[in-house]
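Each of the two complexes below includes subunit A, the first together with subunit B, the second together with subunit C.
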Partner chain A sequence: MAEPVLRVEDLEVAYATAAGPARAVRGVSFAVAPGETLAIVGESGCGKSSAAHAVMGLLDARRASVTGRVQLGARELLGASHTERRLVRGGELAMVFQDPLTSLNPVQRVGTQIAEQLHAHRAIGRAAARERAVELLGRVRIAAPAATVDAHPHELSGGMRQRVMIAMALANEPRVLIADEPTTALDVTIQAQILDLLAGLRVELGLALILITHDLGVVAEIADRVLVMYAGRIVEAGSPAEVFLDPQHPYTWGLLGAIPRVDRPVAPRLPAIAGLPPSPLAPPAGCPFQARCPHAVAACAELPALEARAGALGHADRCVLSPTVKRARREVVGRIGLEVSA
Partner chain B sequence: MTSAALLEAVHLEHRYGAVRALDDVSLAIAPGETFGLVGESGCGKSTLARALLGLLEPTAGTVRFDGRDIAGLGRRARRALCGELQIVFQDHSGSLNPRRRVDRIVRDPMRRHDPNGSEGLEARVAALLEQVGLSAEQGARFPHELSAGQRQRVGIARALAPAPRLVIADEPVSALDVSVQAQILNLLCDLRDELGVTWLLIAHDLGVVRQVSDRIGVMYLGKLVEVAPTPALFARPVHPYTGALLDAGPVPDPRASRRARIVLSGDPGDAADPPPGCRFHPRCPRASALCAESEPPLVSYGAGRLAACHHPAGVTPEELAGARVAPASPRSAGDALPRAPYSSADSGASSSPSSS
Partner chain C sequence: MRGFVARRMAGMALVLLAVSLTAFLVFNVIPGGDPTVRIAGRSASEQTRAQVREDFGFDRSYPVQYVRLMGQVLDGTLTSYPDRVNVRDEIVRGIPATASLVIGAAVIWVLFGVGFGVLSARYAGRWPDRVVGALAMVAISLPVFWVGAMLLYYLTYRVELFPPGGYVGLSEDPGGWLTHLLLPWFTLSLLFIGVYARVLRTSMLDAEHEDYVRTARAKGLSERRVMTRHVLRNALVPLVTLFGLDFGAAIGGGAILTEAVFDLHGVGQYAAGAVDSLDLPPVIGTTLYAAFFIVLMSALVDIVYGWLDPRVRVDG
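On to the complex of A and B.
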């Protein structure tokens, strides 16, 4: 694998609230290489978006404390000056947001908005910027880029708007693209088109793609590596094949089991996860999932390290149960695709 | 079947200005069944729900509940209908009064529609809350003190409070996380089995609809394009749009995603200016010249399977021979039966039970 372009180590994010610090992200580490797609999955409040915003430098320092290390190439971004961060943001490090309608300016033509990205990062004339905007719209497979460049966002469909968002993010040839729920607001047939586009661009441009999503189907579709987050921590990491076909952490089992799947026979009851995630104001020491975990033991009170099992190179999880116990317990959960040979 | 329907839409049409949100939709829901309605945003499924509830007056067509036309009802009859026909909304926060405690939210509709008045009301409220999985202690709280899943349970309890005969659930789980969504879907299944209420479940997620529905209808750009019993719809979809919907939803299986998928090109199109002929034809992999000219009628292939397509898939030659235009077919459609399936290989492959 190529040398990672972005390394995040021991990232911690805490928001200041009236009730004390809300610890949204607790000790998250990961790295992405050019051409690689890293997916971060989890349910609302697990800290996946907070982690992405912290990496981008979008959190207000007065309200959120961010610690750890975020290295882009050889540069450390946490603690860098405002000017430096602004140059990186939208330059080497770009982001696509979930809702294109509220992220785009409704009273500006989309070409103007793409050009704004260009002007912020380089000396470029108006005509050249417009030309580049048309080129970018073509790159995100918009059928009539020369006409679309003069359109206002409301004239475009949801899928087209998301393509415009991606074109804006690509304007300054980023090395890392963070896509936060890029297809969640879109219909399923349009979602498939956008996923195809992102997968294609990653190869064409050698992008390192970080995909933040709650949709495990989307992850299976395009990710090279998956991080499963729960209550601010990574609980399992591996390739989609490892995480989906041989899941090790009980939370991952629960997540996979709860999906009503169209590719499986209908189960009379979906195995739901009982209870609620812990409050970020008072996160538990030890395994974050222990309170809801039907398999919890006394040893869960201490947080296991995110370590790869013997024989599994990149497949790591934070669960104290032994692999044999897990295998037996997982069968009970059922329905989770485990046809993987031992 | 049609005469015994609990809720029936007959040639329903609704326009918002130039936009034809509903175009000649006919639908019958039998007592006790759970009918699922799927489609992408803008296909008209929420407009249909509002028309069925009498919340909007359709520009044309009739809605009948238990044989009565709901359009001409007086105030008193209209209010009585509210007790029989209820809705669960998608937005669990916005649809609950933030200043009322949960038990009060549930108690009011129960009292209003109950002939027994307030007799034993508290006990019945507590029993209903328990049935949807809420404790008495949670009943004493305000909506904002509950989690998203618990709030949706309150929304369901409120809808069930007047003991309705039919409940329309419009995207009841789409705002919820997957683990909570599973809890609510299980609850809907339990209630379906315990209460004998008829459900109309509207959702964009095929997996969700499949989990609870006996029959499923698929909408596209204001039209009903396919109706079938749930197992048949998934095993042998007739309309290419249904096939594409089944195909487009990513599944959490890295092996499955490597299969060749049919990715539909283009957008669903504009309901203000729908394409002529079959509305799906500009995006359809099976479209022919005929599809651009004539709108396919809704055709019955037997066993409750209906589809509006000139080139049906998933039907056997015998089913095709026995096909007839459904009585619920749009008035605007021609009366031509579909031609032979698109290709013999296609029909051969799909006519065998695809349980492999």
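On to the complex of A and C.
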């Protein structure tokens, strides 16, 4: 695989709250190479968006402390000057957000919003910027780019708005594109189109794509690698096939079990994982899932490192149970139709 | 746009009708409202009073009186009861003073209100915000007549820095116009500066949490551009409504206290005098004048609103 363009190591994010620091991300490491799609999955509040915002440098330094290493190419971003970080944002490192309606400025024309991003990063004339905006809209497969450039966001459909967001993110030919739940706010048919677009652009432009989502279907479709996050930590990592077909961490079992299935008889109630995630104010030592895990043992008080299992290339998890025990437990769980919370 | 104007004109006519009717009815039910006594005098004989009633038409039914009054409003022949002075002429005479006062003060209150609001939002929770917040509360709480009186006492009587009230026309003496208006401008704008600074601070802090501001930061825009083009630009929208109505009310004669304290003889002071002497024609005249500006400004606000926020742009 190609040399990673973005390397994140030991990322920690803690928000200052009245009750003390809330540790949203705890020791997260990952790397993504050009042309690769890395998916980060997990439920709301697991820290996946916080990690993305920290990488982008969007967190307010007065409210959140970010430590660790974020390397873009050979450059270290954490600790870089404000101006340096600003120029990386929207330049080499771009981001697309969840809700394209609220993420676009309602009072500015689409073309203005794209041109603004160009102007922030390079010396470019008004006419040239407009021309480039039209070109970018065409690139994200908007049917009438020359007309759309003068539209206001409210005049566009949800899918069009997300395309505009993507066009904007691509304005300065980024090396890394972070898409934070890019399809969650869209209709199902539009979701597929946007995913196709992202997957296509990744190949065309050699983008490193980081896809943050809780939609496992999206992951299965376009990801090369998956990170499963829970309570601020990565609990399992691997290819979609490895993680979905041979999940190792009990949290991943629960996550996969919580997908409603249409190919099986309807369960009396949707399967869910019993209990709640631990508070980020006082995260447990050891495995973050132990309190909710039906298979927890004393050894769960220690959290093993995320290391690849013997025989599996990139598949790694942080569960202390031995692979044999896991396989046996998983089969039992699979037979009874997964844990159904009372 | 033409449809919008037509609809707004019709609405304006209705509002003016309702306002004049209300003023007329209120005037006729309040004790001491009977103009006969005021015109003929308290000790006038019953015969004189009957004569007055007949001359002024007070013996006719209320609808007839109202229609006659409105006719006089429309052809500009409305005159005050006791001294038979033409109401329209009096209002027109007050306009330069009122317009000078209100337009000047509006420029000041918008500039300083926005300036302090931005400062407050920029340093939210820190000392500049606290200082501005405290000053704004003081500015909002101080009564206008007290501020005016204090300024007059200290800056014209104790230290003769400014002329002691009155209005000088701009064309007659530009310097005098300015010196006569500086204190009134300050007095009138003080409250509005406080209000606008607070309102803008709140709406800027709200706007700052909008997703599109996060997008603006993700685009790598400079902090200055994020604040001006995204935060401030959107936060100014609610302020436009506020300004339209405040300005309409003040230019329509609502700056009564300031005009009275500094003896500017504007429309507001004229209205206050009319109410004081329970003189119906000028009360109706000034009320309609004020209502006209408020309706006009609210229509203008709608147009400007559509320009500022394309989502609510007026159609038709």
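Everything that follows uses one rule, which is that the second predicted complex is superposed on the first by the 324 of 342 C-alpha atoms of A that agree within 3 Å, B and C clash if a C-alpha of one lies under 4 Å from a C-alpha of the other, contacts with A are read in each partner's own complex, and residues count from 1 in each chain.
Rule of thumb we're sticking to: a residue touches a chain if its C-beta (ideal position, glycine included) is under 8 Å from a C-beta of that chain, and two chains touch if they have at least 3 such contacts.
Not measured: the values here are computed from a predicted model.
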Clash or fit (per the criteria above) of subunit B with subunit C on subunit A: fit
Touched partner set for A:276, first subunit B, second subunit C, both or neither: first
Contacts of A:58 with subunit B and subunit C, given as first, second, both or neither: second
Touching partner for A:99 - first (subunit B), second (subunit C), both, neither: second
Subunit B versus subunit C as contact partner of A:86, first or second or both or neither: second
Subunit A as apex of subunit B and subunit C, Cα-centre angle in degrees (nearest 10): 70
Touched partner set for A:189, first subunit B, second subunit C, both or neither: first
After superposition on chain A, the shortest CA separation from subunit B to subunit C (Å): 14
Residues on subunit A lying within both footprints (that of subunit B and that of subunit C): none
Subunit B-facing residues of subunit A, complex: 43-44, 157-160, 187-193, 195-196, 214-222, 239-241, 244-245, 254-263, 266, 268-274, 276, 337
Parts of subunit B lying in touch with subunit A, wherever the complex brings them together: 40-41, 147, 177-183, 185-186, 189, 204-208, 210-211, 230, 234, 244-246, 248-257, 261, 263-265, 267-268
In the complex with subunit C, residue positions of subunit A that touch it: 56, 58, 86-91, 94-95, 97, 99, 102-108, 116-117, 120-121, 152, 154, 165, 168
Sites on subunit C touched by subunit A in the complex: 210-212, 214-222, 225, 229-230, 233-234, 237, 308-311
